[in-house]
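Just below sit the structures, each encoded as structure tokens.
Okay, so chain A shows up in both of these, paired with chain B first and chain C after.
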Partner chain A sequence: MSEALILLAIGFLLVASLVYLLRRREAEADDRSWLQEGNSARPSVEFEDRQKEQLDRIFGREDWDFIRNGTTRPVQRLFLKERKGIALSWLSQLRSQARAGMDFHVTRVRASEELEPLAELRLAIDYYAFLAKCGLIAALVLLGGPMALRGMAGQAESLSNNLRGMLRASLKPQAFPQKTRIP
Partner chain B sequence: MEVFPFFRARILGVFPNNMSSYALSFWLAGVALEGTILARALVVGWFKKCPFFFGYLASVFVQDVFFLAVYSFKFKYYKPIYWYAEFFSLLMGCGVTWEIFRLILGRYPGAGRMARNVLAIVLLMILSKGLVGVWNGDIPWAVTMVELERNLRAVQALSLIVLALLIAYYRVPLGRYAKGIFAGYGIFIATMVMTLTLRASIGQAFQAVWVFVQPHCYAASLGIWCFSLWSEEPSPVEQSQSKIEEDYQSLALLTSRGLLQAREFLGKTIRP
Partner chain C sequence: MEQRPNQPTSVAVEHALRDLQNRTLANLDGDFARLIYLASTRDYNSGRYAHDGLSFRFTEPVAEQVLAEAHREVFVSLALSPLKILVAQLEQYIRSGCASPGELLATWHELEPFRILAPEYGDPITVQLFISNIRVALAIVRASCREHQRH
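On to the complex of A and B.
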């Protein structure tokens, strides 16, 4: 019986993956048009500069302390709601930028004859672990608000800078030694 | 033959040796669709590009006509030749699966290499399971021909799932023809695995559903093939990165390092 269930699951999985694939292709053709334009600037994946003050403002306690001491409860609630929205938006942007960087990586290496399956597997694990952590932080922000993550401001800046460096480097093909010709 | 499982039903002793007008018209529609696709392939010269797929379709077309004659005039020979033809189709189907891989990943050797590795692991796991079954004294593959066909189709289904995952992960663009062949054959294989599994598990109680569902699923596949192969496919879009030369190691290492650092810093945000 368990064998039958596995076989049925295989059948359903194949149908589901076909449906997903056929639907997904339509949407992605537009999303990835920038990859085919040969535009070296590629503004959609370039990290925007995030000033330290901005992050301090989003995740720091100064504004909250000021609001808490000098305003009424409805104002405090409104402040927290808006800050939560901003923090979630920041995380969402971070996720989409990481996704764009990874997309750019896979669209370039898929034709490389030197592709190493184990390295690709590790990369995929790292990428999905990163997305999972983004999801975890988003959940914490949702539950406790951005003020619950007191150490976020400084670390967020480092995270932004690191991801920005990675994406910038991966977008410059001339930065790499020329070994593999992609047909 | 797949379009006409009423024959198979007769072998299993459920249906009498005659055919309803609905079954006959369905059979004729199937043969007409197959003939249309083959004629279209001849016109646009797709036989050269996909020899296994169109060879498979041609063999099914010939079998459909041949088996109707055998079924009608020499029924006693029908059962012995049925399974030979069925497994010939199965082998041709393996060729079709390989051809779908070649058609889609042919221009992407990196993704193709990943596919070969993942498939090798999957096949190794299946083989190991079979060997463990033999070691334990079980019959690893099948007791009946239906189960044997089901298991071989399941291996094809797993291969197509691997292909679908790699297409999704590596954003491999699909042409209209490749998409149509993949979708049609994938649906055919998936429904075959499911219906054969239910037939083998439930038994005769599923027979009536089986002989109804299976030809309709095959007809759906024929419809997809006919629709997708009918119009001319525009020339494939050349990738802008076609002239980019780069070192895989550097790119992979850089992306990996960046992601790892990003993840670590992200982790620190929740551990102030």
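On to the complex of A and C.
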């Protein structure tokens, strides 16, 4: 029983820190228009926009087009190597977040008396499909070279939305019946 | 929500932000110079921000909060800006420079001091993207400098 409690506490801490990080980034985007005056680089004000901007930067074509048209081969190679590293780190971060959310969910569900097998099955399928998609994109980035990085922004964005949807579904109160065996 | 005694009020923070913007940041040449200035107001050991002028006009907690926010905002803005703009910002910083361009480029390439320009920020990918983009921007500026020297 005490082990379950500890696991539950760890899971809760992980998800709480995830939610905290997401909210912190959201809060950072608010009310900073004062700095925009005179700034040539445009800061975004919404969290969603900022995340989209980040994905566009990592996977989009704009920087690659600039590099391809105006720089030497060694610089192009350096750019591709750097972007590949970031893309893989981003995928790894996404997988860790999904795993933390799922671990938390499984811990809660184990302690629950009212399981909903269909909902659980759907969530499990979503989770493994998500991991498979992450793996596929990582393989494409690793093996595909420049062609793979180009135009991946859409895939990356859909992956990011998948994760958000999954975390939201796994944290819904109705997804976890409250009658637990823990007194 | 109740305000804690030592917590800066939002009005004070707003005034201090404008003060920092108008008196200090507006006089710096470009976002890169602003980022370097703001990072330099942070103590290496404690990670806390300090600015005598701001602390005098407002309070230390207000100054600290304002510097941290400004640092984060300029950093994110540069980290997520297109590479083309980052290269232009870097060139502008080098031109307005405190050291000779060759020396600065060599030092930055060797020691990567730009790693300490990142604020305490929740998203490691943005920090990684910034460092990586600076590496690429440096390579572009170095190559263009070499090209200039040849002609």
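A few remarks follow.
In this section, the second predicted complex is superposed on the first by the 95 of 183 C-alpha atoms of A that agree within 3 Å, B and C clash if a C-alpha of one lies under 4 Å from a C-alpha of the other, contacts with A are read in each partner's own complex, and residues count from 1 in each chain.
By our rule, a contact is a pair of C-beta atoms (placed from the backbone, for glycine too) under 8 Å apart; a residue touches a chain by one contact, two chains touch by 3 or more.
Not measured: the values here are computed from a predicted model.
Of the two partner chains placed by superposition, only chain B is touched by A:127; chain C is not.
In the superposed model, A:63 makes contact with chain C only, not with chain B. The partner that reaches more residues of chain A, of the two candidates chain B and chain C, is B.
Contacts of A:116 after superposition: chain B is touched, whereas chain C is not reached. By the touch criterion stated above, A:139 is placed in contact with neither chain B nor chain C. Of the two partner chains placed by superposition, only chain B is touched by A:106; chain C is not. In the superposed model, A:98 lies in contact with chain B only, and not with chain C. Once the two complexes are overlaid on the shared chain, A:79 sits against chain C while remaining clear of chain B. Touching of chain A by both chain B and chain C, each in its own complex, is seen for residues 21, 24-25, 28, 32, 35, 37-38. Listing the residues of chain B that touch chain A in their complex gives 107-111, 113-114, 117-118, 150-151, 154, 157-158, 160-161, 164-165, 167-174, 179, 182-183, 186-187, 189-191, 193-194, 197-198, 200-201, 237, 239-263, 265-272. Residues of chain A touching chain C in their complex: 21, 24-25, 28, 32, 34-35, 37-44, 50, 53-54, 57-58, 62-63, 66-67, 70-72, 74-75, 78-79, 82-83, 85-86, 89-90, 93. Residues 1, 4, 7-8, 10-15, 17-18, 20-22, 24-25, 28, 32, 35-38, 98, 101-103, 105-117, 119-120, 122-124, 126-127, 129-130, 133-134, 136-137, 140, 149-152, 155-156, 158-159, 162-163, 165-167, 169-170, 173, 175-183 of chain A are the ones touching chain B in the complex. Residues of chain C that touch chain A in their complex: 14, 17-18, 21, 25-26, 30-31, 69-70, 72-74, 76-78, 80-86, 88-89, 122-126, 128-129, 132-133, 135-136, 139-140, 143.
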